[in-house]
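Below you will find the structure I want to go over with you.
Which chain is which? They are A, B and C, in the order written, and residues in each are numbered from 1.
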Amino acid sequence: MRVLSALLRKELRLELRTLESVPGMALFSVTTFVVFHFGLAQAQVEGDLAAGILVVTLLFAGMLGLNRLYVADEEQGGFDGFLLAPVDRTWLFIAKALALFTYLVVLEIVMVPAFVLLLLGPTLSLGELGPLVGILALADAGFAIIAALIGAIAVRTRARDLIGPLIALPLLVPVVIATARGLEPLLSEGAHGGVPGKWLAILALYDLVFGLLAVAVFDPLLED
Amino acid sequence: MTIAIELDGVGRAYGDRAALTGVSLTVEAGQTLVVFGPNGAGKSTLLRVLATLLRPTTGTANVFGCEIPREAWKVRGRIGLLGHEPLLYRELSARQNLRYHARLHQVPGARVEELLDAVGLARRADDPVSTYSRGMVQRAALARAVLHEPELLLLDEPRANLDPAAAEALEPLLANRTRVITSHDPTGGLAEADVALGLRDGRAALLAPASEVTLAQIGELYR
Amino acid sequence: MYGKGLRGLSVATIVAVVGAFALVAFYAPMDADQGFRQKIFYLHVPMAIVALLGFIFGGLLAIQHLRTRDPKWDLRSYVAIHISLILAVGVLITGAIWAKTSWGVWWVWDEATLVSFLIVFLLYATYTPMRFAIEDRERQARYASVFAITAGAFVPICFGAVRAQQTPIHPHTFGSGDLPGPMWLTFLVSLGAMALLYYTLYRFEIATKLARGRLSSLRRQLLDDDAPVLRRSAAPTL
C-alpha cells in the first residue's frame, strides 16, 4: 500500500505540474460536442442518441489519456527507476489505472455539465444523477483498466499513438454497449424505470474479469 | 570471502545482434571492478544485466548468491544503479524525486535530506530537475543511486559532467561497498580498481587483477 | 524433420472436406424456408466455431509461452491466431453473402454472431501490426502473448455483451433452431472437416516457419555476416 501511495502521489503530482492529460481531455470533449452538433445537425439530443454521444466522447477522450499515460515513464527513465525498487511490479499497473480513473472523473465533472448545457434536451433530475454517476464510475473503471494495460504495450511500440487506440477500442466495445444502453433511460424525456440492472452487471463483470486478467499479465510487460 | 557477483558465460542478444557474449567473472564483496572498453563494447549492457534490468539470453548470473533475474526480487534492494539516464522526472524537484524513490525503497525521509546536503543540492532541492545544470542532474542521480545504501553499486561513468572538485567531494558516498564502474580513463580507472575488465565487441578481451594490468593493454581495447 | 505426419493429415483433411461438401450438396435436405442458400450455414457456422476456438487456443498457447519463455510456444500462438484470423475473414464474407441472399442487404447489425465477429476481427487485426512495430524479438513475443491472452479472454465477453444488447424484436439470425437428423449429421461432418482443415494448416505453417528459420540460421552460419537480411516479417523466427 505504501508503494501504491508513493506511485499514485508521483502520478498525480506530475499531472498537476505538467497538466498534460486532463485539460486536454476536457477541452477535447467540449470541442467534440460542438463537432457532434454540426456533424449530426442536432440542436438537442435525447435518449439513445444522447447516451451514444456522451459515451463516444468519453471513450475518445479516454484514448487521449491512454496515449499520455506512460510517456513520462518511458522518456524519463521512470520504468527503470521503478524496476530497480524491491517492490511488486503489479503496483505500477494499479497506480496507473487509478490515476487514469481519477483523470476521467475530473474530466466528467467538466464534460457532463457541458453536455447538459450544449446538447441534452431533457432535463436531468437530481434523482437521476446518482445512477448516472454510478454507471460512469463503472465505465471509467473499465476504461482505466484497459488503458493501463494497453498503454504499457503501446508505449514501447513504434507508432505508439496509433496502436494504443487501435487495440483498446475493440476491447472497450462491451463497455460502450453497456454504458450507452444504461445511460439511455436516464437521458430520456419523462419518467422511466431506472437503469436496467443487466448493464450494471455487465460493466461490473467486465471490470472484474479484465481487472484480474490485467493484474495477472502485467508483469511480463515490464521486463526488458 | 563472500562472492558478490558471479557471471558464467553471460550473453545478451538483441535479435541477431549480440551485445554481450560469454562474459565470465567473479567479484568478491568489497572489491571494485572497473570496466573499460570503447563505446558499444557492451559496458552499459553488462551494468543493466547486473542491475537485474536485463535478462541474459545465455549463461547464468548470480548476485549475492541469487540467480538473476529469476531471484532478482531478493537482491534488488541491495543494488544501486547510476546509469546514463538519471532516472529522475524532469518536472519534479530533486526532493520530490528522491522522496518518491525513498518511499519505494522504504528509506526514511531524513536520509533524503542528508543526501541532498551531501551532494550539495540542498539549496535548489525544490526546483524542477529540468532547471538543473548537467552537473546538478548527475549529483541528484547519484543521490538517488545511493539512497537505499546499496551493498553493490553499479556506476556508468559516475564522474561525467562533474568537475574534479565535485567528483572528489562525492567520493565518500560511493566508497566502502562492492562496485562495478565503467570508465574511459585508464589511469584513474586502474588506480581505483581491484579487478579490471576490458570489453570489446561484447566479449571480455581482458580480465585480470588491476595490479597486473598495464596502460598499454587498456589502450589496445580502443584500437 | 519438420512436418511429421503432415501427409497423413492432409489426406485426411481432403477426404473430410470433400466428404462434407458431398453431404452438403447431395445429402442434406433443402431448408423449407430459405432454400438452397441456407446451405452456406454449413460453411459459415463451422468456420465461426473453429475460428473462435482457434483464438482462445492462441491465448492458451500464449499462457504457455509466458510460463516457459520457450519461443516455440510463441510461434504456435502466432500461427493459431493467424489462421483463425483468416477464418474470421471467411466468416464475415460468408455471413455477408448469407445476409444478402436472405434479407437483401450485405450487412445486418442484429445478427449477434456476425457483429461479434466483426469486433473480434478488428481486435485481432491489430495483432500483426503490433508485432511488426516491436523490433526486439523477445519483447515482441512477450507482448504478443499478453495481447493473445487478453484478446482470448475478451472473445466470450464480447459475444455476451453483443447478445445482451440485441433487441428482442425480430432479430435477424442465421442460426437454425432445432436441426433434423440429416442436417445435424451434415453439420457435424462439416464442423469436423473445418477443424481438421484448421489443424492441418496450423501444422503446415509451423513446419514452414521452423524450416525457414533453420534455413536462415544455416545461411548466417555459412555466410557469416555476409548473409543478406531477408525481408523482415512479423512472424516469429526461431
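Convention: a residue touches a chain if its C-beta (ideal position, glycine included) is under 8 Å from a C-beta of that chain, and two chains touch if they have at least 3 such contacts.
Being a predicted model, the structure only gives us computed values, none of them experimental.
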Review point. Which chain's mean C-alpha position is nearest the mean C-alpha position of the whole protein set?
Key: A
**Study point:** Most widely separated chain from chain B, with each centre as the mean of CA atoms
**Key:** C
Review point. If you tally the C-beta contacts, which comes out ahead, B-C or A-C?
Key: A-C
Study note, to complete from the structure: Rounded to the nearest Å, the gap separating the Cα centres of chain A and chain B is 40
Review point. So, what's the distance in Å between the C-alpha centres of chain C and chain B?
Key: 49
Check your understanding: From the C-alpha centre of chain A to that of chain C, how far is it in Å?
Key -> 31
Exercise for review: Specify, in ascending order, the residues of chain A that touch 2 or more different other chains.
Suggested key: 223-224
Review point. On chain C, where are the residues touching two or more other chains?
Key: 135
Review point. Counting only residues that touch at least 2 other chains, which ones in chain B make the list?
Key: none
Check your understanding: Which chain B residues qualify as touching chain C in the complex?
Key -> 14-16, 57
Exercise for review: Over in the complex, which chain A residues touch chain C? Could you list them?
Suggested key: 149, 153, 156-159, 163, 166-167, 169-171, 173-174, 177-178, 181, 198, 202, 205-206, 209-210, 213-214, 217, 220-221, 223-224
Study note, to complete from the structure: In their shared complex, chain B is touched by residues of chain A numbered 2-3, 5-7, 9-10, 13-14, 17-18, 72, 76-78, 80-87, 223-224
**Study point:** In the complex, chain C residues that touch chain A
**Key:** 66, 119-120, 122-123, 126, 129-130, 133-135, 139, 142-143, 145-147, 149-151, 153-154, 157-158, 160-162, 164-165
**Study point:** Of all residues in chain C, those that touch chain B in their complex
**Key:** 135-138, 220
